[in-house]
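Following are the structures in question.
Look for subunit A in each of the two complexes below; its partner is subunit B in the first and subunit C in the second.
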Partner chain A sequence: MQITIKPEGDIGIATITGEIDSRTAPQAQGELMPVIEKFNKIIMDMTEVTFLSSAGLRILLLIYRQATAKDGRVVLVGLSEEIKDTMTMTGFLKFFVVAESLENGLKALA
Partner chain B sequence: MDTRIDFYPTHNHEGFKLRHGKPFPFGATLVPRGVNFSIFSKHATSCTLVLFKKHANEPMVEIPFPNSFRIGNVWCMVVFDLDCEDIEYGYRMDGPFEPNVGHRFDKSKILLDPYAKAIGGRDVWGTKPDWDNIFQHRGRLVFEDFDWEDDCPLEIPMEDLVIYEMHVRSFTAHPSSGVKHPGTFAAITEKIPYLKELGVNCVELMPVYEFDEFENSKPNPVTGEMLYNYWGYSTVGFFAPKTGFAATGRFGMQVDELKSLIKELHENGIEVILDVVFNHTAEGNELGPTISFRGIDNQTYYMLTPEGYYMNFSGCGNTLNCNNPIMRNMVLDCLRYWASEYHIDGFRFDLAAILGRDPWGVPLPSPPLLETLAFDPVLGKCKLIAEAWDAGGLYQVGSFPAYGRWAEWNGKYRDDLRKMLKGDMGMLGAVAQRLQGSPDMYEYSGRGPSASINFITCHDGFTLYDSFSYDDKHNEANGEDNRDGGNDNHSWNCGWEGTTDNPDIIALRKQLVKTALAVLMLSRGVPMILMGDEIGRTKNGNNNTYCQDNELNWLDWSLLETNDDLFRFSKNIIAFRNAHPVLRYHEHFHNADLVGSGCVDISWHGTQAWKADWSGTSRAIAFMLCGKHAKGGTVNDDRIYVAINTYWDALDFELPTPPKGAKWHVAVNTSMPSPEDIYEFGMEPELGNQSNVLVGSRSIVVLVGK
Partner chain C sequence: MEPMTFPASLDSLSPLRKYVGDAAEGTGLSKEATYKLQLIVDEIATNIISYGYGDSGLSGDIIIAGEVLDNKLRITLEDTGREFDLSKKELPSEDDLEKPLEEREIGGLGIFLTMRDVDNFNYKRIGDRNYNIFEMYIKEHDVPSNK
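Right, the complex of A and B next:
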């Protein structure tokens, strides 16, 4: 799993590649927490995420909870059908604003 | 907090870092940096934790508990640095194999933790297991951090419930369901709008604890089709949801999927009751598999004969030793876990009479388990419902030790109503009691009508439509030459056994279904309907479909169109109950005018007003409820008059006068074709002749005085 972070104005865009599971979750948490500290508006670009395990879902919710605790907002971008489906069935999706593309994600946070 | 020294290991086994664990809670619990494993056995001489990589055939490591890690009869150990998503765990227990004194230890077996909160091995429903695998039902670790937001159990008063009994897989497995993941928890979420339209506010889920659909599975000798342990009344693990019921089970997310369903149901005003089976386990008798309890502490967990054989009050090979304190605590731990972690609203206890037997099988006057559950603080608002009989002949309907809490499936309601509906004579006295919440059964012991779960059908037995389509059961598909299943169906085929094209017979069957549903919704007590009865579901005369993973159990959603008249009637009769508080109260009728309305709370009539004919040949009865007595006189409702005619001809009923200034309006007349069989609330037409009403044969008329 890899995460790259780049700012776009006052929005922090985290692009994640690969699988988020119990093995990579600590790394994901470690790299994403500073983004929350720095930005109030966050986009998580999941286009290249191939699998989210239970632990992976929890990382997303952790980010959401931390962000909203400081009145921040989180938008998920580029969820695959399967990940979206899994997130729906496990109740995680409803916490998030979801956008199809990065462009729409930016609009959602504008 | 990282400075706490118990966050760090003290021991090492083949590279796995360990330290002394905590005895409570039992089970596997995530703790900082590791997992606390804790398991009870009184008679084992040693215990070994066996860890597997997920799905692996061979263990990754076997860690014997150092003797210093045992406290009393509990082995407990923290193992550090485990990948909690990729671990499956079990135990080996060593001890005597002396069946004559109840011990059946076998350290060659790897045992499932009775407290396992998720269980692998049957991840996808119906996928044939690898029988050579040495560890069939594999304990897994779960995150217990579901984000419930503001959700909590709904605590709907018992008298306001309308329960819908359903089987998770059967509800949506049929291709006609049109859901994304048929047969799953997630699919029920998709069907919530249907449940809301129907108007039920509680779903009672048939067993959702992990079970093995392949237990005693065998091909049907005639058709070759596989027969399963389909319903699931045979528990493998009491703390784990059925993985194969979750669309996300293959990802190990069944816990979140079920919790998400419950949260969604709650958000839509629908409670969740679980059907729990604490009377026996999937291990069967001495010939059954050793999965868990048998190998952990057989003598503690099971009721045994003096010779060490399994007592069989369940009819399923063994009987859990529910009033042994260890087992009793496990039941309590289990229910507390489901109430607190899953926000479950209530529990229905399968063959609950067993829960009142002592370790030697003798019925106890004050069963400690039933008392414990009734007074438990965590379960303080949960519904507790007993199936108050067992397969050992103990029948406690009306006498189940209730402690002010327990309700019962009222088997007498079912039997008496069925007999009346098919036209049996001599039923009116009993039926009058059933309609009033069975005061003859409950009032003497201080129990209100909400102690009575009223039902005419449940998963056992015919569907409602089949009750009027078959004289006899037709269970050949179960592969036992039609010997299985009950014979006391009190059913009537309306003149033709089974499916017919005869429009008169079909119309009569539908009319009887509507009449039955109407009586159920008009009765004091708590109504329960069986999944699909609202749209005329059939099981082709099979009254014991426990093994059928096919159309015999699957709800055919096309019936919603075929029988749209039934669905319209069903939702409107439920709405009628919900709209009229006079029908729903937690106290018995007083047969008196306690609020000074000029009318008694309930009065009985017949073809002549104020003169009920209770004679043995009578098949006509009417009753009237005074709306001013609604909820003990605290709420004002309309007056309601109900006339039931189970005779084969129409009968003219003389009407009592409606309240001053009010007129009788027709709410229900099941002898009329749809849509004149029932009128929506507020749309009831005024009755032309206010002094008499003609009630068609085998039908019911409901009038509203307003």
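Right, the complex of A and C next:
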């Protein structure tokens, strides 16, 4: 799993590629949480995330809580059908703003 | 498929998922069902590694086997960790899953996803060994109507 972070104006864009499981989750948490601290608006581009287990859900939960606590906003971009399914079944999806493309994600935060 | 043995370490999760993908290949199991089976094996293997072995101070292996039986793919995980029947674990309720994320407890979601997605689950303890057996039906119309 790899994460790259770049600012776009006042928005922090985190692009995640690969698999988020119990092995990679601590690294994902370590790299994503500072983005939440630094930016109020965040896009997580997950177009290239091929696997997300409950360890990944836990990170989404932490990010959501952190963002909510500081009146921030998080948009998830490019979720696969499988990941959407996991998030729907666990009641996670409805709490996130979801966009199909990075362009639409940026619009959602404009 | 020939069974494979992996050390009970989180580094084994990705190879375990790959084994499931390889076992599903050519069987006709749908892409969605294959992903679900990979998620199930990941969640339960994580449980075995973290609690069955880790918390108990034990170390050991996980043996994975895949076999096609009539209209289903069966994956068996075998380990020598602490006895743990996940079908007896209390799962989050519908109400829990409706709660705002601020009030959520995160535990149990992996097992919840497993129990929701698997077509058949069976657990056996024989001697010092745990057997977690998961089956997915290969054709949609073969799934029993109560699923």
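In this text, the second predicted complex is superposed on the first by the 110 of 110 C-alpha atoms of A that agree within 3 Å, B and C clash if a C-alpha of one lies under 4 Å from a C-alpha of the other, contacts with A are read in each partner's own complex, and residues count from 1 in each chain.
One rule holds in what follows: a contact is a pair of C-beta atoms (placed from the backbone, for glycine too) under 8 Å apart; a residue touches a chain by one contact, two chains touch by 3 or more.
Remember, predicted model here, so these are calculated numbers, not experimental data.
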Subunit C versus subunit B on the shared subunit A, clash or fit after superposition: clash
Touching partner for A:M89 - first (subunit B), second (subunit C), both, neither: both
Partner chain(s) touched by A:E8 [first = subunit B, second = subunit C, both, neither]: neither
Residue contacts on subunit A - larger count, subunit B or subunit C: C
Which superposed partner A:S53 touches (first subunit B, second subunit C, both, neither): both
First, second, both or neither for A:T68, with subunit B first and subunit C second: second
First (subunit B), second (subunit C), both or neither touched by A:E31: neither
Single subunit B stretch clashing with subunit C - from 23-31, 77-85 or 185-193: 77-85
Doubly contacted residues of subunit A, that is, touched by subunit B and again by subunit C: 21-23, 53-55, 57-58, 61, 65, 85-86, 89-92, 95
Contact footprint of subunit A on subunit B as seen in their complex: 83-86, 143, 145-147, 180-181, 184-186, 189, 246-248, 251-253, 256-257, 259-260, 263-264
List of subunit C residues in touch with subunit A within their complex: 10-11, 13-14, 17, 32, 35-36, 38-39, 42-43, 46, 49-50, 97-102, 104, 106, 109-110, 112-113, 116
For the subunit A and subunit C complex, residues of the former touching the latter: 19, 21-23, 51, 53-55, 57-58, 61, 64-65, 68, 81-82, 85-86, 89-92, 95
Subunit A residues within the subunit B interface of the complex: 21-23, 53-55, 57-58, 61, 65, 85-86, 88-92, 95
